[in-house]
Amino acid sequence: MEMTEYSSTEMMAVCGAHAVKDGERVFAGTGLPVLGAMLAKVTHAPNAIIIYEGGYVDTQNKDLALSVADSRLGYRAAASIGLIETLGFLMMGGRVDVGFLGAAQIDEYGNINTSYIGEFEKPKVRLPGSGGGNDIASSAGRIILMFTHDARKFVKKLDYLTSPGHLSGPGSREKLGLIGKGPALVVTDKCQMDFNPDTKRIRLKSVHPGVTPEWVKENVMFDLIIPNDIPTTAEPTAQELETLRTLDPQGIYLGKGQK
Amino acid sequence: MTEAAIEDKRITLEEVTKKVPDGAHIAWGGFGYQRPPEAFAMELIRQKKRGIRVYTCGSEHDLDILVGAEVCLEFEVAFFAIEALGLAPNLRRRSQEGKVKFEDYSNLAMALRFLGGALNVPFMPIRHMIGTDMMEKTRLRKDKAKVIDCPFTGMSITLLPSIQADFGVICAQKADQAGNVQIFGIKGEDNEITRCAKKSIVFVEEIISNEEIRQHPDMTMIPGLYVDYVVELPFGSWPMQVFGIYDYDLAHLQYYVQECKTEEGWQKYLDEWILGVENHEGLLKKIGEKRLKELRADPKYGY
Amino acid sequence: MEMTEYSSTEMMAVCGAHAVKDGERVFAGTGLPVLGAMLAKVTHAPNAIIIYEGGYVDTQNKDLALSVADSRLGYRAAASIGLIETLGFLMMGGRVDVGFLGAAQIDEYGNINTSYIGEFEKPKVRLPGSGGGNDIASSAGRIILMFTHDARKFVKKLDYLTSPGHLSGPGSREKLGLIGKGPALVVTDKCQMDFNPDTKRIRLKSVHPGVTPEWVKENVMFDLIIPNDIPTTAEPTAQELETLRTLDPQGIYLGKGQK
Amino acid sequence: MTEAAIEDKRITLEEVTKKVPDGAHIAWGGFGYQRPPEAFAMELIRQKKRGIRVYTCGSEHDLDILVGAEVCLEFEVAFFAIEALGLAPNLRRRSQEGKVKFEDYSNLAMALRFLGGALNVPFMPIRHMIGTDMMEKTRLRKDKAKVIDCPFTGMSITLLPSIQADFGVICAQKADQAGNVQIFGIKGEDNEITRCAKKSIVFVEEIISNEEIRQHPDMTMIPGLYVDYVVELPFGSWPMQVFGIYDYDLAHLQYYVQECKTEEGWQKYLDEWILGVENHEGLLKKIGEKRLKELRADPKYGY
């Protein structure tokens, strides 16, 4: 297959898309997850059903949305209701297979901070907060985390735990009655990580072309599990890239000419 | 048969804002870019209200200007940013100044708290939030959430305190003068907000007749029974969007986010776009007919 | 004013109508209460807002309904939603001024049985049950009870307490957190009764023309309070009767030619 | 772009009824005279189901025939009669025979129990039922309701156990083949029923295209995500009504109430109107085109 140049952001979007299976019910937030979910739907997962927390159910939007409440998502949606519907009946009701989330920090168990940087009592930065993130992390069948790689985001201890990953390890989600199975995959612009099924601790899964396992190990602030024989992430195909760029012609999420 | 008079709840933006006293607690409608009460936020600023507390899932530019102008510095809220464009600039700065107090909940938690208030029960159960810092770390409330043993299953379950705010404020596409409201596109948490508030204020793009409401009872999302004031206010959610009526003004939002990164920039924005216009009509004149026309939605797509 | 002959059922409907004030929010069940509420709305209370539990809000039906869910009530309603709306947000939300109810039995405190005649363990008759009755009795601002007079309906002890009246007397509703103020008026085809504000016990208020206080006393199975100087209930006016018959031209609730 | 296949959930009345095993627990839609699953009740009888438990606010002729045929003798329910016409005759007789077991709740209690099931929380709070015999007198459940001290207010508050039945069954005006449902007129508790059930079955008067659904997303009351089976079945609620489509058959209801006062009368009705026709098409033939035409709603009024 012909290789095409692609940006690291495009790589992330394609990895996100690959994580969606056909027929799944997908809960997407704004940003790259939207693109990943849309790409999946127009390539290998045409029967994926995409839901946005504002109230849009089973969307077929033609233009890219800036907000989970964007009118663009309303065009040809199968239903257009409200938050109790999407985050309550669908999400807490256990009817969503996969949810995408971003994070400002995660720890070794995939617990998520999107609220504060610094001490709670006197934070350095107030981040957006949970939004629907905690709801998605608690109840979606599995979680895919997507964010650009920065060592300061992979911390030993979160400044604030906004949304549950595997909490303190095996059994801790079940003990609290959480419905979803927690984080399954972390996608950055450098690598992919998953979680050891026995210990629920994060581990390296694949490195993107040009990135070494050593680089990744040095660019997380905890002791990352690195199994033997880490594969290189498959590169996006020419067709995937072409389709992806059709979905975001203005480069709103993909950026313009950025590598 | 005796004809009933159709109650007239219409009022102006200026007058309805005067009815909101300093210190009022407001359940704040709109969700993300969709139908936020922007013109109302601007008028609260012009009238120099202070000490407002806002309850909402998430709003964006509308709340950020309230924070900038220090009209509202207390929030029970799930989300605060300008989606896709970055952090809310005034919020970021006022937070660093230590001026803003948040009580953090998830989106579903806030929506359920409105639902509990609407049902007039003291709490609602939720299976989320448990296991996180949102349960324990608190700034505004004595009782943020409680975990009990479920008397049916024995499992732990979290209870959230219901909200019955002084005012519920939403924007919608259409209502009649009696306050029967039609909302098109997503409803967010607006249905629950109007039902849980002690008094509800509805801003609409267009007033329609009671006769038209009665021709389509299935389209009434909020019966007039819940509504105290109706304000006809075209472009009441600008620079955000109203499904089927107009799109967001992305250029203005980008300008806002950039400009307000500094206090000076914010003060300039405040003077020019909020205090520098006499009222909402003045704002529309400033935006200009040409731009407003560009923002008008194509009925085929809704944006 | 010219007097017109009228039936005892018509008398009841008119008494029911008189109990509604203009501008009130009225919750009506099927049967005579519908007629009473509709009559009030087209005579002295044009701004009354009528709600039916199936989901109809602010109705202006032109034809009489057989069911609280009847499509007839949907014609020109201001909204057509569901039970959580009517019995939850509106009723339990404390937004309804007056509710009409029927009863198979009531006791001295206006407590209501609509569930079982005979012992619960082996009932003689299974009645319709609460329906929305308990919800209305718990939370409507005040309750108007309407049923045909029969001594066996006024009992010292209910076979089953379906819906709360004043329970065991002053303060007992408040103690349980009930929102509504409880029964205010009982309308039968023989008389009207209200409740002593201090003791919350039922008492005779007026007797319909031709009925004596003594007859009423003998036709209840508890010791009815009979104040001095019991007035005779005002007779329906000719205009009220004419309007009432227009509302039920087929005599569905009023009966045909019945006195 | 790859075209998604539109999932086809259509099935016949006979086949869908076969999927309901003896002993199934069913959340039963329709309210009063509006949109009850009559044809489904008749087919349950024809297929000689036994041991069904029904959860509902209130239904009328549909449940009374199930009781008569002893398909269903256990109910968690708020109301059971033929409104305006009197007590349900089979229910009255089977109750006297000691065959029927009721767990009595109020209408709001049942609707909230469905809502709790839809939210997947174990209970819902209510301010009603307290102070009455419904709290203590019980026949079917170990835990009918629980009173706790509210951890926020200190007041007593009643908790009701949520319902997540095996099946949710409703009738509606329109759906597409993927189960996106439009309901016109009152919704009763049908929205909550389809969301709380493990599997949902929807009977519709008319199948419309997915394209038509997507033209009017605001009109979708129940997204296909909740729906497992869609049955196109004109007059599926006869002898009751469907708003905008047909009116109730009052003459038949009056005949039913009169006829079924005796066991002999009921057996005759059963033989003639339910077992005596092969299927729903046979029933419609028996009713006759003339009568069906008379029952058709005037679109202007909806009945």
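Order of writing sets the labels: A, B, C and D. Residues in every chain begin at 1.
What we mean here is this: contacts are C-beta pairs under 8 Å (C-beta built on N, C-alpha and C of every residue); 3 or more make two chains touch, one makes a residue touch a chain.
None of the values given here were measured: they were computed from a predicted structure.
Between chain A and chain D, the least number of touch steps comes to 1.
Shared contact partners of chain C and chain D comprise B. Chain centres here are means of the Cα atoms, and by that rule the chain farthest away from chain D is A.
The interface holding more C-beta pairs in contact, when B-C is weighed against A-B, is A-B. Distance between chain B and chain D, defined via averaged C-alpha coordinates, is recorded as 38 Å.
Chain C has its Cα centroid 41 Å from the Cα centroid of chain B. Chain A and chain B have Cα centroids separated by 28 Å. Work out the mean CA point of chain A and of chain C, and you get 58 Å between them.
Taken residue by residue, chain C touches two or more other chains at 56, 74, 80-81, 84, 88, 92, 179, whereas all remaining positions touch fewer.
Residue numbers of chain B whose C-beta contacts span two or more other chains: 112, 119-121, 126-127, 155, 157, 184-185, 218.
Contacts between chains form some other arrangement here, matching none of path, ring, star or all-to-all. Contact between chains, per the stated criterion, is found for A-B, A-D, B-C, B-D, C-D.
Within the complex, the chain C residues that touch chain B are 25, 41-43, 46-47, 49, 56-58, 60, 74, 76-81, 84-85, 88-90, 92-95, 179, 243. Of all residues in chain B, those touching chain A in their complex are 31-34, 57-58, 77-81, 83-85, 87, 91-92, 95-96, 98, 100, 102, 104-109, 111-112, 115, 126-134, 137, 155-157, 184-192, 241, 243-244, 247-248, 250, 297, 301-303. Residue ranges of chain D in contact with chain B, taken from their complex: 112, 116, 119-127, 143, 146, 148, 150-153, 155, 157, 159, 161, 184-185, 218-219.
Residues of chain B touching chain C in their complex: 1-5, 7, 118-121, 178, 180, 195, 210, 213-215, 217-218, 220, 223-226.
The touching residues of chain C, counted against chain D in their complex, run 30-31, 53-56, 62-63, 66-72, 74-75, 80-84, 87-88, 91-92, 115, 120, 122-135, 138-139, 160-164, 167, 172-173, 176-179, 252-253.
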